Amino acid sequence: MAETRYTPTELLACVAARLLEDGKSVFVGTGLPMIAAMLAQRTHAPNLLIIFEAGGIGPQVPVLPISVGDSRTFYRAVSASSMHDVMSALQSGYVDYGFLGAAAIDPYGNINTTVFGDWERPEVRLPGSGGANDIGSLCWRTIIVMRQDCRRFLQRLPFITTPGYLTGPGARAAAGLPEGTGPYRVITQLGVYGFDEETRRLMLLSRHPGVTVEEIRANSEFDILIPADVPESAPPTPEERRILREIDPIGMVIGG
Amino acid sequence: MAETRYTPTELLACVAARLLEDGKSVFVGTGLPMIAAMLAQRTHAPNLLIIFEAGGIGPQVPVLPISVGDSRTFYRAVSASSMHDVMSALQSGYVDYGFLGAAAIDPYGNINTTVFGDWERPEVRLPGSGGANDIGSLCWRTIIVMRQDCRRFLQRLPFITTPGYLTGPGARAAAGLPEGTGPYRVITQLGVYGFDEETRRLMLLSRHPGVTVEEIRANSEFDILIPADVPESAPPTPEERRILREIDPIGMVIGG
Amino acid sequence: MEILQEGHGELVGWHDPDEHRQWVRENKSRELKDKTMTVAEAVGKFVHDGDFIACGGFGHVRVPMALIYEIIRQGRRNLTMAGKTAVHDIDILIGAGCVSRVEVAYAFGHELRGLSPAGRRAVETGKCKVVAEISNAGYQWRFLAAAMGLPFIPARILMGTDTFEKSSAKIVRDPWSGKPVCLLPAAYPDVAMFHVPRCDRYGNAQIDGILVEDFELARAARRVIITTEEIVDEDVIRRTPDRTVIPFYLVDAVCEVPYGAHPTQMPYLYYFDEAHIREWLTLSRTEEGTKAYFDRYVFGVRDFEEYLERVGGVRKLNALRRIEQLRAPIGTPEEEGNG
Amino acid sequence: MEILQEGHGELVGWHDPDEHRQWVRENKSRELKDKTMTVAEAVGKFVHDGDFIACGGFGHVRVPMALIYEIIRQGRRNLTMAGKTAVHDIDILIGAGCVSRVEVAYAFGHELRGLSPAGRRAVETGKCKVVAEISNAGYQWRFLAAAMGLPFIPARILMGTDTFEKSSAKIVRDPWSGKPVCLLPAAYPDVAMFHVPRCDRYGNAQIDGILVEDFELARAARRVIITTEEIVDEDVIRRTPDRTVIPFYLVDAVCEVPYGAHPTQMPYLYYFDEAHIREWLTLSRTEEGTKAYFDRYVFGVRDFEEYLERVGGVRKLNALRRIEQLRAPIGTPEEEGNG
C-alpha cells in the first residue's frame, strides 16, 4: 500500500529519471527535468553529466536551483562556462538527452510554447522558444514532459515553436536539422509515449497505474497509436520517493 | 653631431613611433613594431592601446617580448584574452593601426611573405601569412616596415599574401574587404612612403637623412611616385634614443 | 548558395558591417579614461527613446536592475528590447510603458515562478508588439556575429518551424555539404547593460561564474553601461587579466551600485529576493497594482539606495547574502524581510 | 547566395557536420572517468600515421613538446599538421620526417629567431608539401566553426589575395549587405594536443593567461591529449570552475609532465630555453646535424625526464623559472646551462 501513496509529480519524475542512461549527458531546465536528472544520478546513473544552457556544466548541486542561470547550477561544477560553449556542444553532438516542456504538441512531436491565436495579436502569449528550439533541434533525444488534454494534444498547432518530426519521416533532415535527432519520449500525467519508427507519429508505450487506454484516447484531439498490449508504468519505489524528498525537501517542484 | 650617431633601426623605430596617435589602438608583432609602440607610449602617445594577436590587451610590458604569445605580452594587461577576441575586435573596427613586415611589396602595397618561385615546389619558402592577411584586411591603417631593394619592391609579386590596394582604387571594397582600410605607410631603410589617393600607388613622403631620390628610385623595380619637394625624415632625438635603450637594453632588436 | 527560405520577422538591430565599423571608429574611445558616473547620468547619456536595448545575465541572475529602474524613472519610451531570457527586467519595463517592441527568445515569463501578468497583458492588448521570434542560442549567436563584425553566422536551429518563419533568419544551401543551413543575421543593440562584481574606473569588468552570453553581447552592443558592486583599483584587474570579460574600450559608463542586481541573484553575493519578485507578480495582475509598484519602488524613492531601504534594507540584504552563500536555507524569516 | 570565387587549396580536416556529430556520439565519452596515462601510451593510442594534428599554444609558448618528442620517438609518418603559428613543434616534426603535409597560416619560421632551416629544406626539396594556405585568424575561425558543429563560418579576410586562392575557402554574396564575404570551412583535427598548468585525472583542464585559440581548438578536435604540469585533485577544479577551459568530455588522455612545454615558454612558470632553441636552429642547418639532435634528445633518452636532465637538468629549469618570473634577466649564465 505504501508504494502507491505517491504524488503525480513524483511518478513523472521517476519515469523521466529512468529514461536517462549512465555515462550520458543531459541538458536540463529547472523544475521537473532537474529533479529527474538528480534522481537518476542518485540511483542508476551516478555518471550522468548535467549541463545547463546558461553555462553550468557538471555541478554538484547543493540545493535545487530555481533558475537555469542560478549559481546553484554551477556550484562545484567542472566548468562554469557560457551559453556559446554549451550550445556549441549541443550543436556538435555532445548532448544525449534534452528535456522540454510544452503548452501543446501535435502527432509528430512538434511543440508550441509561443502563442495561441494570431501571432500578431495573440489570445494567449507564452514565453516563446527559450532554449527549446535549440534543444529540440540539436539534442540526440528529446524528452517532453507536459500535461495532456484535448487543448494540448492537438491535430494541428497554431504555432510550431520547436521541431518534432515536423511532417513525418525524413522531414527533419530535409529541413536541415541534424540527422538522427528528434523527440524520444513524451511523458504526461496519463502515460509515456514514443514515436513510431515508420510514421513518426505519437505511440503509447505505457499507461500510468490506474489509467485506461480510453482515458488516453479521450485526452487527445488526434489519434494516438496504441499497440495491442500496453504495459503499466512502474510506480515510484520507496527508495526513489525518499531521494526525491532529499532533493526537494520543501516540495518546491514535487509538491506537498 | 651627437644627434646623428644613431643606428638605422633606431631611425625606423622613431619614424614608426611618430605615426601612432595617442588614444588610438595598435596591433603589434614582436621586434620593431613592439619597440615603436612602446616608444610612442613613452613619448607622445601614453594612451596608445597595444593589442597582440595571441590575446594580450593593454599590457604594461616589463621586458621586451620575444614572441607574440610571450607572457610579457599580457603582463599586467587589462585583459589576457584569446585570438578569437582580438581578431573579432580587429574585424569590428576597433583597431586603428597594424604593423606588417614584408619580403616583397608591389606598387599597390600588396605584400608577399609566402613564397618565391612556384607555390607547389618553391625556390624560397617563407612563413606565410601568420596574422598579416588579417591585419592587412581588417586594420584601419596598416604600416609596413621592410627592407627596400630591387628584389623586394617588385612590379608584380609572385604571391599576394596580404592585400594592399590590390589592383588600385575601389578594388578592396569590390573584393569584399572592409571599406576605408588599407596600407597607410611603408617604412624602409631609405624613406617613408604613403599611397596616392587617386591611383593608390606608392608615393614617397620623406627620405631618410642623407638618402637621395636617385637611391630611392634605384632600389625599386617599379616607379615610385615622387613629388617635387620631398622632406627629410627627422632623425631620432637624444631623448628618443635614450628611451629606445631603456626599452631594449641588450639591443635585441635595435642592435649593438 | 541559393536562398531556400526567408523568415518574415523584423530584422532588429542589424547593421551593414562596414557601417558599424565606421561607427565604432568614430564613437568608441580606445583611450583609458575615467568613465565613472551615476546611473542617472549613464541612462541620461546613453539610453534614448526608440533604442534597441539588451541586458546581461540570464533570467533572474545578474540583471542590471538599478539601470532598469532608472530607465523607468527617466520615462524612456518606445524601446525595443532583446527578449533573451528576459524576465523581471523586461516585465517591469513593459509594465512601465518603456518597452513597446520585443524580439522574443524568452519573455513574458518568470521561469518556475510563472507567467508575467504585465508583459502578457501588454502583448495581448497590443500595447507591446512582438516583432520577431528567435531562440536562446539563436539570439546568442546573433550577438556573436555582431561581436565578430560579421553580417551573419550559420546555425543548425530554427529550421522547419514557425519560430524560423517569424525570425529574421534565412536558410541557404551549405556549399560544402549541400544541406540546408540557417543563417542568423548579426544583432547590434544600441545599448547593453551589465551588472558585474568588480570593474575599474576605466570599464575593465570581471564576472565570476558563468558568463551566459555576456562576452558576446558586450562586444555586439554599440554602447555598454556597467554597474558594479564595487569600483576596484586598476591594479586588481591587472593582477588577474585573464578574469576580464569586458575590456575598457567596449565600455561607455561605469556606475558603482552595490546590490545593483536586486531583486535578481548576484552569484556568490546575494540570492533572489523571492518576496519582492512575488510582490511584483502579485501587484502586476492589475493596472492599478502595477502603478502602485512603480509609485512605491521607483517614483517614490530618490535613488537605488532608498529603494534598497524600502525593500528591506540591511537586514534583508544580509539575509539574501546568507542564503546565496548556503549559510541559511531558503525561506527564512529574514529573507521575507519587511519589504 | 551565389558562389563568387573558390579557393583551390586542399580542404583539410573538414567533415560533414552530421558525420562528425555521429562520430562524437559514438566515440567521445561523457563519463567522468580516469584518463591518466603516460605520453607513450597517449601517443600510441591516439596519434596514428596519416592523422591531421594540431598543437595548442602559440609560437614558442605553451607547446606540448613532450608529446612532440614522443611522436618522433614512436616514428609516426605522413602526418598533416596545422601550421597555426607552429614553430619549434612543426619544425622538429618535419625535420624528423613525421609531418609531410602542412596547411600554413604560419610555419617554417621561429618568429624573431629567424627562419627554420629544417622546415624550409623539406618544403623546398618536396619532402614536405604545403597543401593549403590560410591566415592566423582564418585558422582560428576554422576551428571555431568546428567547435560550433558548423560546416563553415564567415570572415572578412583572405579576399583579393593568393592566400585565398590557395585556401579551401569560398567567397559568396552576403544576402543582407549584398557584399562579398568569405566562408571558411570548419577544420576538425584528428588530434589536438595541449600543455596546461593544471588538470584533474578526468581531463578538466585550466589555463592561466591568454588562451590563444585553445578554447576553440579543443572543441574542434576529435581526440584531445592533455599534458599537464600537475594532475590536481578534482576539488581544485570544482573550487574554480570558471577557470576550466577544456572540460573532461573533450579529453581522451591526461599525462602529467612537469616542464612538458620545454624548450617553449610556460606562462608564469618557465621561460623559453633560448640556448636549446638555438642549438636546434644551428644543428638543423644540415641533415647530419638534424640527425645528431634527434639522437641526442629523442632516441638517446629513455623519456622526457632524461631529456630534461640532458638539456640542463634542475639548474637549467630553475634558471628558466627565475627568468619567467622576472627575478633574473635574460641571458644569465645559468640560463645558458650545460645543455
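For reference, chains read A, B, C and D in written order, and residue numbers begin at 1 within each chain.
Just so it is clear, a residue touches a chain if its C-beta (ideal position, glycine included) is under 8 Å from a C-beta of that chain, and two chains touch if they have at least 3 such contacts.
What you see is a predicted model, and the numbers here were worked out from it, not measured in a lab.
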Co-neighbours of chain B and chain C resolve to D
Chain B to chain D, mean C-alpha position gap in Å, rounds to 28
Averaging C-alpha coordinates per chain, one finds the centres of chain A and chain B separated by a number of Å equal to 57
For the pair chain A and chain D, the C-alpha centroid-to-centroid distance in angstrom is 41
Residue ranges of chain A touching at least 2 other chains are 74, 80-81, 91, 178
By the touch definition above, chain C meets two or more other chains at residues 17-18, 148-150, 155-156, 179, 181, 209-211, 241-242
Contact graph of the chains (line, ring, star, complete, other): other
Per the touch criterion, the pairs are A-C, A-D, B-C, B-D, C-D
Per the touch rule above, chain C residues touching chain A in the complex are 57-62, 83, 85, 104-109, 111-113, 115, 119-120, 123-124, 126, 129-130, 133-138, 140-141, 144, 155-163, 166, 171, 179-182, 209-216, 265, 267-268, 272, 324, 326, 329-331
Within their complex, chain C touches chain D through residues 1-3, 11, 14, 16-18, 148-156, 170, 172, 174-177, 179, 181, 183, 185, 208-211, 241-242
Within the complex, chain D is touched by chain B residues 30-31, 53-56, 62-63, 66-71, 73-74, 80-84, 87, 90-91, 110, 114, 119-134, 137-138, 159-163, 166, 171-172, 174-178, 250, 252-253
Residue positions on chain D within touch of chain A in the complex are 17-18, 20-25, 28-33, 146-150, 202, 204, 219, 237-239, 241-242, 244, 247-249
Seen from chain B, its contact residues with chain C in the complex are 22-25, 47, 49, 57-60, 74, 76-81, 85, 88-89, 91-94, 96, 140, 178-180
